[in-house]
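Sharing a structure here in structure tokens format.
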């Protein structure tokens, strides 16, 4: 029962996150056609601010992961039972897909459309590894701080990562799958999604084990 | 007596909020004519930052609603007596109207002017439903956090919502009525206001009942 | 002795504030010639962020006023002895002037230059009244919150006020005097300064008395 | 042992900081060719937000200096043993160099390239003195506040300093050395680095002694 409610929070939060990412991308492209820098700036501010607000709203309920690799890392750190991981995954991916539909309906587009935005090559994959490693560094590094600190740190980090990585930092498998279903500013060609997801997994696990090493040192003292 | 003072805070806060929204829209359009993306970016930053500052300033006095559907949701959650709701509504709407006059006088325009900005159609209405649902999710989700957290969360959320919704997220019936009286960047044609307000009411009530369901689950455990 | 040190903090803080305002205005105008919206956006972000950082740094030492009307309001509210007010004024104005020199030297300009930027008329004066009333509302409204909350609220408010007022919100007599000595983006013609300062005084005193009325009501209950 | 782990945090944090600075500079220049103001705005937002997130993530582990003059100032204030200073320096400089490689690989550039970006002259040196003096004022002024306050203050200050100084505020010798090895938007000609580093040292030491004077006064009372 409780898990149902937590999963509803993960689903609604993920849906709103995708509505923010995809919707602000569409708005930015419409208002600034051909001006990629200005469009990405607007997309960045909306995503960073919206993500912080959503984490603040849902962190007390479900932990506000909205991201399968964050859930995976939580399970690896014994912060979430492994038995609840599949339900979180389903809620996040289903919510993300619904969020794409919400964005498309708000902007009078078909519910889904396969993206044609090519994001291929090892540099893109390495970018996703770096982006997700950094995201987990922020999340685990702030895990003992107040939840409001974590929320602002994650929003700030993702705002930076939209610009400092060559892939604009998806850093989230559910977001990657959902953006493959949106042929708009923030989309990704479905064929390019597997490399992104593999790199995200690797980045998240690497950061988790790095912090495990750091914290073991702490316990010994 | 106390209600009088709280309502004065709601009125002055709502007036300043409208001065921020309408004033920054006029300034943005004058400095960036024909550059909608840049103008909306400036309007967004001013609104998000100004709203956060106003909530921080007045939350200890009146709760800093500045928004009839926030007041309605508070009454539904027993956080405000129903008998005080009409006074809050009057203060918010009167304050918002005064705010439009303040913005217009600062920029040497007539006190009021009926907007000709068309914002019609179901996609716009759906956008207002989504925007207001999200706003109330943020407000209720952060209701147990510190008031400064709530203020920054609302400011961040509205900054995102200016971009991720097709309607630029009015999410507030008092703001909608007041913006109908301003034929400037942020205006809305009076004929389009009723759909916006209906969608806002629906979004706010939906979010309120969703959280009631979430919190009942919590009490049972 | 202690007053000397507090005044040194007011002077250095005011100097850095003016270096931020004037310096970022020069940089913005150089990088975005003829693009007023983009230049003001950069000037806004630098000022809002810099002001918040400076208040956080000096609030524990001198209260981080950096503004004669903030000092005046503190004295009216018995938060600062009247006898210390003149020393604060001197430190703020001298510091602000030094800040203009610092900005000009960084950008290889003469130490001082009389501004030719016309900012005249009743709409400009009314804008300064509104801007300063709002600033004091934020400062007094957040006076009981944590100092970090106050700092972020003031930074956010000034960022908004750069856009929602027709005068770009000087809201500070020391800043006004100093900007009259800089013929750059953020300057003001010396002849226009007196109206600005008079309007700022009126706005600050009005906000102070409004909050006195609000707080008296609170005490009676 | 413990020092090894703290130095790994300094190295990884410095690497990520340089990836943010250099990477977002490359992205900004590619998306906004010839539009310096827009490119610097994006570079500013990424750097300020990323720096705040990194400080929040690592402050509990190593203090999150990522900057030799911050480490030097900590030693001068007896907040770090002098014996640990060399290890911090090595970690920061090595990490910064690795960060440049990470950024270059993400954007498919050679690992290193000597910058040809001229940043010479006394005005540039004075700008670095002012920028670093201000950075240390913020860090020492916020040292008694919560670590989250310090992190946001530093991020906000650096965002402002990118615009208010003529040198775009390197304010960090490790960052200066690393940016000399990147012939991109944020680079600096190796021949210009020594002046920058000398000015940074002078600014940091001046701020440290100014606060020592302020705090002595406090102790006497």
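Note that the chains take the letters A, B, C and D in the order they are written out, and that residue 1 is the start of every chain.
Please note the rule applied: a residue touches a chain if its C-beta (ideal position, glycine included) is under 8 Å from a C-beta of that chain, and two chains touch if they have at least 3 such contacts.
All of these numbers come straight from a predicted model, not from anything done at the bench.
Novice: Suppose you hop from subunit B to any chain it touches, then on again the same way; how many hops at least until you reach subunit D?
Specialist: 2
Novice: Same or different for subunit A and subunit B, when you check if over half of the residue numbers at their contact belong to both copies?
Specialist: Different: fewer than half of the residue numbers at the subunit A-subunit B interface appear in both copies.
Novice: For subunit B, which other chain has the most distant CA centre?
Specialist: So the farthest one, by centre of C-alpha atoms, is D.
Novice: What angle, rounded to the nearest 5°, describes the rotation that places the Cα atoms of subunit A on subunit D?
Specialist: 90
Novice: At what distance in angstrom does the C-alpha mean of subunit C lie from that of subunit B?
Specialist: Computed value for the inter-centroid distance: 28 Å.
Novice: Between subunit A and subunit C, what is the gap in Å from one C-alpha centre to the other?
Specialist: For subunit A versus subunit C, the centre distance works out to 39 Å.
Novice: Would you please write down the residue numbers of subunit A that are in contact with two or more other chains?
Specialist: 38, 41, 45, 152
Novice: Given the complex with subunit A, which residues does subunit D contribute to the contact?
Specialist: These residues of subunit D touch subunit A: 1-2, 5, 8-9, 12, 16, 19-24, 27-28, 31-32, 35, 38-39, 41-43, 45-47, 49-50, 52-54, 56-58, 60-61, 102-103, 105-108, 147-148, 151-152, 155.
Novice: Would you tell me which residues of subunit D are touching subunit C in their complex?
Specialist: Checking each residue of subunit D against subunit C gives 36-38, 40-41, 44-45, 48, 123, 126-127, 130, 134, 137-138, 140-142, 144-146, 149, 152-154, 156-157, 159-167, 210, 213-214, 217-218, 220-221.
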